[in-house]
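Alright, structures below, take your time with them.
In what follows, subunit A forms one complex with subunit B and a second complex with subunit C.
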Partner chain A sequence: MDLKDKLVSSFMAFEETVDMDSSVHDIRSEAIKIFEEKGFPSKKDEAWKYTSLNAILKHDYSIFPKKEDAIEFKDVKKYFIHDLDSYKIVFIDGQYSSHLSETTHDKIDVCLMSSALTNEKYKAVIDNYFNKVAPKDGLSSLNTAFSREGAYIHIRKNTLADKPIQVIHFSTGNESSQMLQPRNLIVVDENSHVQIIERHQSLTDNPVLTNTVTEIFADKRAIVDYYKIQNDNLNASLIDNTFIQQLTQSLVSVHTFVFGGKLIRNNLNFYQLGEGINSVLNGVTIIEGKQHVDHNTLVHHTQPNCESHQDYKGIFDEKAVGVFNGKIIVNKEAQKTNAFQSNNNILLDDKASINSKPQLEIFADDVKCSHGCTIGQLDENALFYMRTRGIGDKEARALLMYAFANNVLDTVKIPQLKQRINKLIANKLNVNLGFDL
Partner chain B sequence: MRMAYTEDDLKKELETKEYEYGFYTDIESETFPVGLNEDIVRAISLKKEEPQWMTDWRLEAFRVWKEMKEPEWANVRYEKPDFQAISYYSAPNKKPKYESLDEVDPELLDTFKKLGISLDEQKKLAGVAVDIVMDSVSVATTFKETLAEKGIIFCSISEAIQKHPELVKKYIGSVVPQKDNFYAALNSAVFSDGSFCYIPKGVRCPMELSTYFRINQAGTGQFERTLVVADKGSYVSYLEGCTAPSRDENQLHAAVVELIALDDAEIKYSTVQNWYPGNAEGKGGVYNFVTKRGLCETRAKISWTQVETGSAVTWKYPSCILKGDNSVGEFYSIAVTNNYQQADTGTKMVHLGKNTKSTIISKGISAGKSQNSYRGLVQINSRASNARNFSQCDSLLMGNECGAHTFPYIEAKNKTAQIEHEATTSKIGEDQIFYCNQRGIDTEKAIALIVNGFSKEVLNKLPMEFAVEAQKLLEISLEGSVG
Partner chain C sequence: MLDIKNLHANVEDKEILKGLNLKVNAGEVHAIMGPNGAGKSTLANIIAGKEEYEVTDGSISLEGENIEELAAEERAHKGIFLSFQYPVEIPGVSVTNFMKTAINETRKAQGLEEMPAKDMLKKIREKSELLEIDRKFLSRSLNEGFSGGEKKRNEIFQLAMLEPKLAILDETDSGLDIDALRIVANGVNKLKNENNAIVVITHYQRLLEYIVPDFVHVLYDGKIVKSGTKELALELEEKGYDWIKEEINA
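Our next item is the complex of A and B:
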């Protein structure tokens, strides 16, 4: 039985374990029908031209999480940014882990999707926002059908979240292979501000497939900083679907740092529904071996005087494959739009490859839109310069790569996080430069 | 005081501007019954007195075509042509072989006069030989003797099939195979005529070669086949220009152009395309589905330059296969769309050899309710070390009912590849116009100046003789904006 059939037939069993009476029931039932009809995307779909899911769909994933597995904090401490005072929402094999988490209901709600979906107190928010921006494609619908657990974050009007929020999903590998479908909802009301760090981590080498959906709603003048750290082990694959709806003068930045994982697909979609909105999409990808990373972005400008800035950097070694597919749509009402997109890549090996497809679809005349894409190598002259000054070959190369990625790293606003990312990069490049960049 | 000339005025003018070259020459034509089947393909081949291998080649293409579907991935919307409602062959009845202009049908001469490309004028212009294709069959060829002295073969493709079968047999379909795509297969099966050009080893063609294509007979699709072979170390500059008369029903144009540049050869292929774009309501107009591709051997160079102003629907991607080491491909394009025109055009640069270089400069201008798309592929294969590509696609929008789109595909499989791609979309800035106004340049002239400057990089690539006509065609498409 292939994975699609297995998922569809498991749906009934799943339904019995969750609340059948909730309003979400109808949404789930509709979603499974859509998934049944559309299934997983194939290479025949234009948006999936360069990424095939076949290799990761062939495992016989267990779909339902078993009972919570006890993990001691000391075993997983290294995956937290522990020197950062933060709220934490931690999941182990899809189940909430209360002893690793630190949640709050004080002015802001940082808690669980499962309680939000069932508790009457959150009904208004769920009715207003749940599944409102996620499109009805196969993968998102699959997630919607099995949506039960994830992070629920609601920042009320005129509130500054007092500390960043870390959302971490662990998989223990108790099952020989596992499929996880976290569902996150983030609602940031008027004039509010929040910083969120998301991470997926498997603790063994057993294959894991994560198909996650995150919906983010930024109301007027809200500011959202979202950081995705994708540094999982080489048997873990991730399909990240993030949908962001922005209202007037809001600012949402999503930073994606990819160093690990077998196959990673980021579907990052911004829908601008007001004026004076700014959307920022940044990414650094450093991969090697047989890793495959696909960034698929969409920014849809529908109103005048908005901006979007995209900056994706990639370094690809050995047989790694990089894909960038960035689409900007400017509706004819969206005059005075400034939309910029840049995708720079470095290939370090002849077996590595990069496929880049920056698209513009523009229907308004008074706009400034541009995209740029480059593919190149490290500059031999610069390397030579550093070598003549006594810097080792490996370090010199690492320095150049740091410099290449630096303008994206600079946009990280949490110092401890920035330091952590620097460390991850240093580990990835296997160098110790002896100073922080 | 005269009211200031604004962009809105320009837009209005553009919309109301009628196609100037819409006229129809009444020359008796011999036309086949409509429809397409193996018999028609055989009949075309028979009509042209072709050898058996050519008939077989056509039939093979037809059989492949029957199995194929029309491509739907392009960013264009149109009513699909009914391929069984088209007549696949028409030729002027009188088929004279002229030595001088006096012998040419005066009606024809008149047509060219209206087009502003009279043979008289052409002859006076420095060394342009014109092989005029009027409804599929060559009716006049000049300067043939000069070319013959150098050993250059420049004739219609039907003549080449008769006289130089070894060359045609060797190269036809070698760059664009019969089964390449739907329209290429159709063309391979039914092509009526076209041009053939062979430049021998080491010869530099002393003049610009040009052909004017015209669609003339109502209801006839035109299927041109062009084959240019530049032997080792030779050089040729080839010009192709088109204008078509006004028609209410859609006309289909599915041409195939194959260029072969052998070692150290250089081919420069320039096109000015001004098929009838349909009227202001988007009715009528030519469907232009063209397959153009060139193959570069070692150190060879192919340069495509195109000015696309006409056609209701354009689907065209002049491409270069950079097979040999150190070969060079270039693509310079201006695509202007107005009213309801739709253009999906661009190029493919396939880097196979080492040290190959390609340059892409594409300028799109959209006005009215038109849609203008750039679609391109830059592919660096794993053996193509030190490949270099530079791409730039700029779009200029006039009015908020048109659209500009870019779909660039960039695929690199070699670490030594260097690829740059840039695209911008903008409109004519108010500050730019203000700057010109300040210096005593009125708004109309200022817009002309800016559009001209925007397209200049490409216009400069056209041969002198052609640049004049290109300007003329830009004027028609964007009247009042090009000074």
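Our next item is the complex of A and C:
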């Protein structure tokens, strides 16, 4: 039985484990039908032209991993930004881990999707927001059908979340291989602010496939800073679907840092539904070996006087493959839109490749839209400059790569996170420069 | 110190240096002048070890040791420093951190421990005062957004920090106003001693009023065609290079 059939036929059994009377029952049932009809995307789909899921779909994944295994904090501490005072929502094999988590209901709700989906208290929010911005494609629908657990974050009106929130999904792979489908919902009401750091981490060499959906709603003048750290092992694949709806004068930024994983696909969609909105999409990708990373972005401008800024940097070594597909739609009504997109890449090896494709669909006549894409090598003259100062070739290359990614790193607003990302990069480049990057 | 004998070098099969000889002793300041395209910057880059140049004949030795086969960083570790005409910008890496890396990489190559942070700070303070560099400048990203003068001053600051045996200054005066030129030249003069040597590559005589050379050489068509004392520089300033070309071609 292939994975699609297995998933579809497992749905009934799954349904029996969740509350059939809940308001999301109908949503799940409809979603599984959509998945049954559409299935997994293939290379025939324009949006999947450069990324094939075939290799990762052939494993016999366990769809309902067993209950959580005990993990000691000391063993996974390194995956947290542990010097940062933060709330934590932690999952192990798709199940909530209370002893690794630190949630709250004091002023803000930082808790679990499973309780939000079943508890009357959250019904209004779920009814208003759950599955309201996720598109009805195969992968999102698959996640919706099996949505049960994940992070639920609700920042009520006029509230600044008092500290950042870390959302971490661990997989232990006790079973031979497993598929996880975390579902996160983030609702930020008017004039509120939150910072969120998200990470998926496999602790096993067994294959792991995560198909996650995160819906983010930013109400008027809300500010959301969302950081994704994707630094998983070579047997873990991630399909990250993040959908964002923004209202008037809200500011949402999503940073995606990719340093590892077998196959990573980021579907990141912004829907602007008001005026004076700003959307920021930043990414740094540094991969090697046979890793494959695909950033697929959409920014849909529907109202006047809005902005979007995309800046994706990629460094690809050995046989690594990168894809950047950035789509910007500017509706006829969305006059005075400023939409910028830039995708700069460095190929360190003749066998590495990047497929970069901007897609601009502009129906308004008074807009500023620009896109730029570069593909190059490290600047030999700059390397020579550093080497004349006694800096070895490897270190000089690392400094140049760091400099290349710097303007994106500079926009990280949490100092501890920035420091950690710098460290990840230094580790990745295998250098000790005598100072902390 | 530096001994270049019959140096021939190509870039992409085009011969740029055609049998160049140059001997620089410790404690000396040499100026290399010449018209555009004569090969001045090529010479500087070859001494420093740029890989795109191919040495086809001749030799370069530093303190009696042949260095043609050494990588650029190995030459730096042996005490060669090249100040660039167009220094490279490195966003996100401060001047201080860049210097820490450069000094400690050099010390590592020489089998020394990393320089203790206290000593490093002391040295940075001393050398920045020497070049009248504001401390705030040192925490800025290397060369990013620096004016032409700041870039050159920063080059000389690095020279001061690294204390090379042989410093090659490639067109250090270009883009400098008179005050910056004075500061840079003063810095260089204070760093000069009987154990090191300086090669100044310049198109104009102006810098040589401040950094007074012991010898002046004219590089033309890949060779040193005339050598003299500082008076030669004045003569070149006054008469241009045409008379030299005529002398050679006669």
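By our rule, the second predicted complex is superposed on the first by the 436 of 437 C-alpha atoms of A that agree within 3 Å, B and C clash if a C-alpha of one lies under 4 Å from a C-alpha of the other, contacts with A are read in each partner's own complex, and residues count from 1 in each chain.
The rule is simple: a residue touches a chain if its C-beta (ideal position, glycine included) is under 8 Å from a C-beta of that chain, and two chains touch if they have at least 3 such contacts.
As the structure is a computational prediction, the values presented were derived from the model and not from experiment.
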Contacts of A:N143 with subunit B and subunit C, given as first, second, both or neither: neither
Contacts of A:S86 with subunit B and subunit C, given as first, second, both or neither: neither
Partner chain in contact with A:H371 - subunit B first, subunit C second, else both or neither: first
Subunit B versus subunit C as contact partner of A:R387, first or second or both or neither: second
Which of subunit B and subunit C A:Q178 touches, first, second, both or neither: neither
Touched partner set for A:E395, first subunit B, second subunit C, both or neither: second
Partner chain in contact with A:D379 - subunit B first, subunit C second, else both or neither: second
Contacts of A:N407 with subunit B and subunit C, given as first, second, both or neither: second
Subunit B/subunit C common contact set on subunit A: none
Contact set on subunit C toward subunit A in their complex: 45, 48-52, 71-73, 75-77, 80-82, 84, 87-93, 97-98, 100-106, 109, 114, 141, 158, 162
Touch list for subunit A against partner subunit C, complex: 379-382, 384-393, 395-396, 399-400, 402-403, 405-407, 409-410, 433-435, 437
Subunit B residues touching subunit A - in the complex, by the definition given at the top: 73, 380, 382, 385, 395, 397-427
Complex contacts: residues of subunit A adjacent to subunit B: 46, 332, 335, 345, 347-377
